[in-house]
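Next come two complexes built around chain A: one with chain B, the other with chain C.
Right after this comes the complex of A and B.
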């Protein structure tokens, strides 16, 4: 039955992935032959690749096609996430340019790895089979392990890579075990088939082996999206990695993780939604609260952003919690929109960190930002927009993201389940807690006076990223309509 | 459903709200930060222009109707049912005028007081005005919330940059308190959004459509609490008031003036505009709770004010007491009480702003606000003494001045609701007279024995112009309050009718999908609602009602689709 060779049309649907793959390979190929004075040719290739892939992804259309023997499903859903990854890739390449040049580490491998990680994430969002999800996840993870340790002469970077690698492998093992259990029970790894199989035989949903498999998958993905209590690796890895890699890791792999989690749990394990709803509800409360409380105590801005990214994952998991119960897929589309909103504000904030950094090492403390508004009013203003968006205040996209997630929870709460009302209250209280540490940074920037302790590494590309992120944060905060309806349509294929 | 109209055929409200925004942008991009004088002039001109533009509303406003006027409606986020929908009734009209006047006064009063980071200061002042006006004109709850939150940011900076010694603490306390309240309010808003969406058949944030929906009692209970926290923090009501003294004491004079004059009214406005009409059952249910908190606020605020050593802190605590009066008036739930409550919002804006200005005038000269440092100032500053005396009298409710009218109406309303309420509240008036007169006596009378006070200059012409509008307004309301009450009357009556007759009648009807718009018009028309519907029948008629209601809504919202069914309002 299965076609051994994919048809040309199927291959054409994978154009964005193929472009990314080819540009990554091309970068690897030419790197040894590029003279140092032309070293910017590799990042240019990376940028060209991601832009081309972005354009190609827009032209795929709204159809839903399952190709490669059910391994890959190309749809609005995968396109939504792929656009996030391509934008992140584009912005991070721009971020990395001067940063790496100053560290004398501007080498082609970096960009190739970035491209491969992006390829992994794109495939992960498009995979509709547990095996292809796992393969894509490994492609992404292995590339990221290398990127995390990219500053190989810095001990922090090495520590980050080792930590990330060890926990990542552990997570993969859990996940693989879960997948093998599911295969053993259902005889297939295709998510739709798994879902149908469990759905048809009603008694199977109570099978302890299946419950075990679900827990394994929760743990495996929990590591990837850094849900508490699987978050221990994150702060050190984020702090130790090169800041441009941190910016990449804080958005891309998380969004990819969520893309896969939604598919695996909603489509594959849809019959177990009562069980996983409870699990994700607990995880989201733990993740939000722990992330926010720990971020409160941080002195280093980078570490604070790391913990805050845990908290943001918590809000996204909230969307996951109500994915199975909210009407018209509101839970899922709120998750999609949240990842989109998180993209700009977070990459922008890390870009500011790259622009202003201490000479010695990578730990800018809150006090280093004192009086920034006096010295660099425009940059301070942009940072203020990004911080307000991270806080979730209007008129920024962060507000709309939180608004939509909370709305989905309230919608479920109104069906008579007070438990969700409590969840919503915990979530908004968390949002208020998070305001404290974002505002504290804003306070250092605007309200305190201080001398210059940071080195500027101004470059046009870096400034472009910051301005672009801040503008996008504002634009999509004021006009979120198009992305909202896109998110709503994207999740329709899962319903 | 309430009607909507725009006699001008011109987006006047958006124009008014965008003048300060344009002014702020102009200053931001076209004036160098060294040109401080130019910045001051430009922002003053902007605030004057805004004020005159808002006067157009007064002249063109149609009295005698609770309908919303000068409406503009544009679709904003279609998939969520959010629209840019603005319009005003009598209550918002008065508050808009208050906001434009107070901002003008705030900007004029900062002329010599603010010498650092002048450009940012005036930009934040103007942005704050945009937020305030936005809150008062919004008829879309999403839009309302957006403006509500936006306002926090400039105020945070005003306190945090130009405040006193503990400004950072005060600024962050102000921000977090208000944010905690408003995020809970957001949950309440979302709850009603989904409830209303289910009943109306389409999801919308249109406040006027929400007014036509009956929220189930259980939900009302929770949503009331959510709104209560959001608004009570802002008012501030008794247990949530602790941010206020810090914020006031640390804020620069103009910050305190705007905070007391307008920002606190956001909370009471929220109760009157959102909480009361949307949750009539819970409003009645919570009256004892609200009234007790209001009375505690009055008495506690007055007693704490009495023992303050710092003039500004004293005035700040007097705000707690005065806002207690406003809340008491609103929750008397009768026409007198609510009229008095709303009028007292304006009065408090006038007199407390005036008092803060007086404190600021002294502070600018002596750089201290300790009462013990002063005495006998009336000899040195006779003109100041006159203005200060008028503001004191206005604040303590002397007949002939504005405070009296508001407090009188509130007490009448409270008495009608329950004589005990009025009795307790009256003690607050006595205490108020006590602390205000005692303060005046200690600062202005007695021997001028502190040598530092001997050379204090009297008010400058600019300072007189700062105080003058408030004095005029205080006398106007005090002597001839009729125009103000006339403006408020229809909106107040409409609100009272919405809450009374007791909404139990509405809920007793077995229909699940009741359309309160229909119910309301029946209530208003014949005074009672026949309770003869059975469950199934009720449900059917409910569905029909919803359809008719929504078509009426479309009619009101400038669409030209001719649709069958009842169309209230929509007088385009």
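Right after this comes the complex of A and C.
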């Protein structure tokens, strides 16, 4: 217990987190003193903070250091996820700007909560201890509860917040119970130490409580990544929340959840992988199928995207099941790449929804997009790229993401594991089902005639987000190599 | 000395009671109270294990959990207050604008 105080080098490794924290605090501090006509100063601060943190995280280097008494491990793995979160934060701040101004809700608190949620996600990806994972997750979740209910005069937003809150807190309680059991079995909460202890002297046969703890953790994290059957909250919360918050929630917390799940199950409960791969395989089949089938029946585009995000979580869980086999590296890196690919296409699609919307908070139906191509050819083209990417067609990043996840599953199947062959077939069938509802929207845009039913809310920042997302979707679809090799290097520290 | 299993039994019982109440009651205030009950059931586990191992780690975790529970409760009450302002009641059966 000699080195309770962290050294300066250790603190410097946390520069991106500290920048985000400070900019969040600064925003909170100046908000009461900003006059209404200078309202844009707080989002500018948020953008500056996320850009600075992004630069800082690029300059950290490739080393792997465990700091703060084993609570945080700074590595390429955490940096990969942190970059995802910082890009999401940057894009979401940009697309919130005009949306909130129109709702007369452009206040500093919103950006402060966004920064704190990002901080929680960044710490979650870097945590290497069950306690710090829990605390980071709570920082993220509590900020998101507030963001979901940010339009406090809208009943829909209230409802989204209370539903998210109740299920989220319940999930936290389950997760904590699981953590307490693991602590009771192993006497520690550090994931490496837990993994070593279980690997040497623990087994399900000797410790039935271990299975219980694993199930509790699956439930807790399952709520966070919205795996079926723990998904019930998601469509309501996504529909009721402000659309910019939905864009944030559909990418950030999910990626953070997967970052933590990978660490907890692979590092901490690695010797129980035979058990948890089966659990995750079942969850992934349920998640993909339920998400896609329910998305088929939706009239509202926002709700359709909500269900499609459940389905995408299902594909990502496939990567998790491969992580429990001999091809663990391929499984994990495909999961990381999938999270990265999901970021641009989803934020872009939600940005289009913000640009074209009805006056009310509840969102536009599929028919409102009829004939969009005649009225706004450029926007329709960008939306087409994003939808093709969500479907998983080349030459977009969505195709590459699906290709590597499915490829990893098929590789396992080729080693003679028929179970994974079945998984691959189900996944491909699901991708085909998902094509139906994405391409139906595309058909509405291009092939149908329709009158203008939506109000245009054009702004430069919003258009920038859409163009940026569409370009990134294409660029990383054609040149996925750099990100892919980064993902492969990132997971090495877990192996 | 009271054996460890008694504490764990108490924790498990309180957790289960909390869960049952969360799933069956309709008043948000009661649900909030039972969520607190669940979190404190976990605290009993942590403190009991900590005592059993004779180190402080579990006690520290319990303090963190209490802090987090307080922050969560504050946000939760804020949400309930805004619901009450908009609707005039806090019965969860009536919170049904968003479905399917």
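We take it that the second predicted complex is superposed on the first by the 486 of 495 C-alpha atoms of A that agree within 3 Å, B and C clash if a C-alpha of one lies under 4 Å from a C-alpha of the other, contacts with A are read in each partner's own complex, and residues count from 1 in each chain.
What we mean here is this: a contact is a pair of C-beta atoms (placed from the backbone, for glycine too) under 8 Å apart; a residue touches a chain by one contact, two chains touch by 3 or more.
Bear in mind that the values here come from a model prediction, so they are computed numbers and not experimental data.
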Q: Would you mind checking whether chain B and chain C clash or fit side by side on chain A after the superposition?
A: fit
Q: State whether A:309 touches chain B only (first), chain C only (second), both chains, or neither.
A: neither
Q: Figure out whether A:165 sits in contact with chain B (first) or chain C (second), or with both, or with neither.
A: second
Q: Go through the superposed model and pick first if A:118 touches only chain B, second if only chain C, both, or neither.
A: neither
Q: Look at A:189 in the shared chain and tell me whether it touches chain B only, chain C only, both, or neither; answer first, second, both or neither.
A: second
Q. Looking at the overlay, does A:155 come into contact with chain B only (first), chain C only (second), both, or neither?
A. second
Q | Partner chain(s) touched by A:145 [first = chain B, second = chain C, both, neither] | A | second
Q. With the two structures laid over each other on chain A, which partner does A:83 touch: chain B (first), chain C (second), both, or neither?
A. neither
Q: Based on the superposed arrangement, let me know which partner A:447 touches: chain B (first), chain C (second), both, or neither?
A: first
Q) What is the contact status of A:439 with respect to chain B (first) and chain C (second): first, second, both, or neither? A) first
Q. Which value in Å is the smallest Cα separation between chain B and chain C when the structures are fitted on chain A?
A. 25
**Q.** Common interface positions of chain A, toward chain B and toward chain C
**A.** none
Q.
Give the list of chain B residues in touch with chain A in this complex.
A. 76-80, 120, 145-146, 149-150, 152-153, 156-157, 160-161, 167-168, 171-172, 175-176, 179-180, 183-184, 186-187, 190-191, 193-195, 198, 219, 222
Q: Show which residues of chain C lie in contact with chain A when the two form their complex.
A: 8, 11, 15, 18-19, 22, 28, 31, 35, 38-39, 41-42, 45-46, 49, 52-53, 55, 57-58, 61, 64-65, 68, 71-72, 75-76, 78-80, 82-83, 85-87, 92, 95-100
(Q) Using the touch definition from the top, list the residues of chain A that touch chain C in their complex. (A) 131, 134-135, 138, 142, 145-146, 149, 152-156, 158-163, 165-166, 169-170, 172-173, 176-177, 179-181, 183-184, 187-189, 235-236, 239-240
Q) What residues on chain A touch chain B, complex-wise? A) 373, 388, 393-395, 399, 403-404, 406-407, 410-411, 413-414, 421, 424-425, 428-429, 431-432, 435-436, 439-440, 443, 446-448, 479-481, 484-485, 488
